[in-house]
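In the two complexes that follow, subunit A is the common piece, with subunit B as its partner first and subunit C second.
And then the complex of A and B:
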């Protein structure tokens, strides 16, 4: 029972990692850029929702605050690409990596200045409610996390493989110039996908903040999500979720059954092992070009 | 305007393009050699210690510059190699090996270990290398704690003094000797770096940076060349780490953290990617910013009675400067200097687009 409980809470954690990973896999899949600030986007999304919901701030109704903060974060993502990243168009990936790292610092500073550096948690209507099933005690928020994550992953998977915009995004990623020739508005597509990933980040942040307290440095969680995305295979949406769950599960198990200190190391150790033995990740997206 | 007539192929790879350049660098050398005289005159060596710190950062920056600026491989984990160099140096000195052997040895071992760690990842594309080095950087602190017998763990380890043939060098008691020692290492490395860039190895680094496909077509063994670059880069970082240890006097598991790795990367971008000068300019900026912020704070507090005490302001300001550079001056401080110099050299024929690079359209790495 104890073991199962551990697994379930790990699963909920893993889904949050998976959601953050989903955010930058989205960006990577469509723009070939890696957003090292995705964790900070998540943190900002959580704080925006806290700002709308909590009694100390605006005290709006939770059901109103959630879509509002998702919209705000979507706009933020769109504006971020439109205002900053679009000017980097055509520059090397390394500079984009460095730029997003720097943006992470700035976002952390802004969030800390507006909402303080104290850990704050989101006041949700279902806080403290539990579901009991055969001796297992599950928080409603944990169940919500798993359900929402699975639904979002499926949605985006279908979006990318079936919808017109999704296909355009894939094309824009595979060869920008060719996509231009085909009449795809690459820059607008890029902004769109950044907006989308901002929305995903908001969802991840809201779920995370409903589970426990959050402070500006929570954004560093994004690094674990990176490991998740790379384990799953960068550029694969189900892979991001799977990687997130693997990390989420390994952490509590390692800290419970492994020697001290192993639980912090485990996610990155798995990442390094995967990179060494299966460089493309579990769902490898790399393929040889046939000439 | 100066015309350099190249009459032989050697002229392309000469250390100095023309005599005036050599004279300027000689004057610079005299200046850095004479700097301590000023501090002797005012009798306060505090600032000299800061300058020494900047030089150490510049050495680490040169290491990263070789990898990121000249080979085009981003690393977010160079503090790890600094940690390796630092702890190796402490342990070798502790084992009774004289500094003159222990110091270069710790750099070399750090380089070798770094190459072994990085070898599997070097086959992958840049983003993965960034990820793997990021993971490495995060793990460093945990490994330092785990290797307690050698590193002192959380309690930290004291760094022994330098002893060169009976001459004691310590940052606090003999700041001038320490300055000259660091300066010597820095100049030696610059000389090596400058010469390396003239050799076939150095040129293949730049070839890889500019186009991996063309480099491979020219017969360059990608993995081996990247590994060489990584080795040299990690060695320089290891040497810088050892010196950093001597400068700090005491190191713990939090000395070489992720922030340091990122600072190194930001440093070379601000300085100018792909120029040795960039490492030095970047190190100067990184050294000046905290001092400038502290001075600005006390100025505001004393003159206008405004007390700014926002946590995280320093790193945010740093990040803001960096974003500004990437957006408006991707070539960094040195690039800006080059532009200004060209403007005056060609006056009045300088055009705005002279340094404009052709845009490259991204293609996926997933289809090779």
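And then the complex of A and C:
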């Protein structure tokens, strides 16, 4: 029973990691850039929602604050690519990576200035509520996380396999030049992907903040999600979610059954093993991308 | 230039679909096109011949808007398009069928073909055009739910052409359709290109190294060397010309001094 309880709370954590990793992978697949500010995007999404719904700030209804924050973060991601990154088109990967790292610092500083560096909790209507099933006691927020992640996964699947824009995103990521030739507005598609990953970050942030207090340095969680994306196979959306869930599950189990401190190391130890024995990640793509 | 256009309009000759004037393009720091001018008339197949590195692909990329020229104009049916974005140019009816295997490898054949119609919204006509593409390339219909990356080279080339057709082009830019294909497949592809030109009224601008098949299919030809047009004439005249026969068709004339000298000169040019 104890074990099951750990698994379930690990699963909830893992879903959040998975969603951040999803943001990494979305951007990497579409634009071949790695957004090291993805964790900070998540943190910002959470604080935007706090700003909308908490009584200390605007005090809007939670059900209104959530879609609003998702929209704001979507616009933020779109604008970030459109206003800044687009002008670096053609620069080396390194400069883009450094730019996103710097962006992470800036976001952390701005969030700290607006919402203070003290830990803050998101006020949700289901805070502290529990569901009991058998002998298990589950927080409603944990159940929500798993349900929302599953729904979002389905939504993404439909978006990428059925919608016109989703297919165009796939096409642009598989062969950018050919996408240009087909009249796909590749630069706009890139901005849309950034918007999409901003929206995913907002969802991840809101879910994470519903579990406990956050502060501006929460964004450093992004490094763990980066490991999750690499474990899953950078470039695979289901891989990102799976990698996140693996890390989420390993952490509580390692701290419960392993020696002290091991849970901090475990995610990176797994990453190391994966990189040694299966360098492409679990869902490594058989087809190498051509340049 | 304006006088030139007016004389064209005066005669009964077919409309000029594409007119390129004094085009200069850089490929990185290298000037790949050094002042190219050419014309493509409606309904024609025009071929641009040249060896590797002559600037043929850069020329097509500049026309389709993937690269911006440094100087010169690209005019399509009266409108200058050299500064337009690639997607605006596709909407105007120029589609670029890239060389080699530039398809979407992880998408199915059917999805690849659907991507060709990205700029269109008329669902009924798109479905009809899909059937049209499959009628020209029946093998693609058989493989429609297969991943495009698993197709053979010839099938991928067919897919690239079929996908390009889906954009309802007025002018199709074909970049080395024979690249990496067996002579038999090359012939098959070129037969289809000629049929598309006749039956679907698609004007073609065809870039090739394989001068023989290209001149057989084309109405008019240009020869490019090191970024410049060095020769242009009707295809049958080019095919009969001594220089073309020597350098592109590999027909050996008597081992004369002239040929030796020309060859040396070409070498020192590089």
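The rule is short, and it goes like this: the second predicted complex is superposed on the first by the 286 of 291 C-alpha atoms of A that agree within 3 Å, B and C clash if a C-alpha of one lies under 4 Å from a C-alpha of the other, contacts with A are read in each partner's own complex, and residues count from 1 in each chain.
Here is the rule we use: a residue touches a chain if its C-beta (ideal position, glycine included) is under 8 Å from a C-beta of that chain, and two chains touch if they have at least 3 such contacts.
As the structure is a prediction and not an experimental result, all values here were calculated from the model.
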Superposition-derived comparison: subunit B or subunit C, residues of subunit A touched: B
First, second, both or neither for A:213, with subunit B first and subunit C second: neither
Touching partner for A:168 - first (subunit B), second (subunit C), both, neither: second
Contacts of A:58 with subunit B and subunit C, given as first, second, both or neither: neither
Which superposed partner A:4 touches (first subunit B, second subunit C, both, neither): neither
Touching partner for A:112 - first (subunit B), second (subunit C), both, neither: first
First, second, both or neither for A:177, with subunit B first and subunit C second: both
Touching partner for A:136 - first (subunit B), second (subunit C), both, neither: neither
Touched partner set for A:276, first subunit B, second subunit C, both or neither: first
Subunit A residues contacted in one complex by subunit B, in the other by subunit C: 174-175, 177, 180, 285, 287
Parts of subunit C lying in touch with subunit A, wherever the complex brings them together: 64-66, 85-87, 89-91, 95-98, 101-107, 111, 114-116, 118-119, 149, 163-164, 167
Residues of subunit A that touch subunit B when the two form their complex: 31-32, 34, 84, 87-95, 97-99, 101-106, 108-110, 112-113, 117, 173-177, 180, 216, 223, 226-227, 230, 234-235, 261, 264-265, 268-269, 271-272, 275-276, 279, 285-289
Contact set on subunit B toward subunit A in their complex: 68, 72, 74, 120-121, 123-124, 126-128, 130-132, 134-136, 138-139, 142, 145-146, 262, 265-266, 269, 310-313, 315-316, 318-320, 322-323, 326-327, 330, 359-368
List of subunit A residues in touch with subunit C within their complex: 164, 167-168, 170-171, 174-175, 177-186, 285, 287, 290
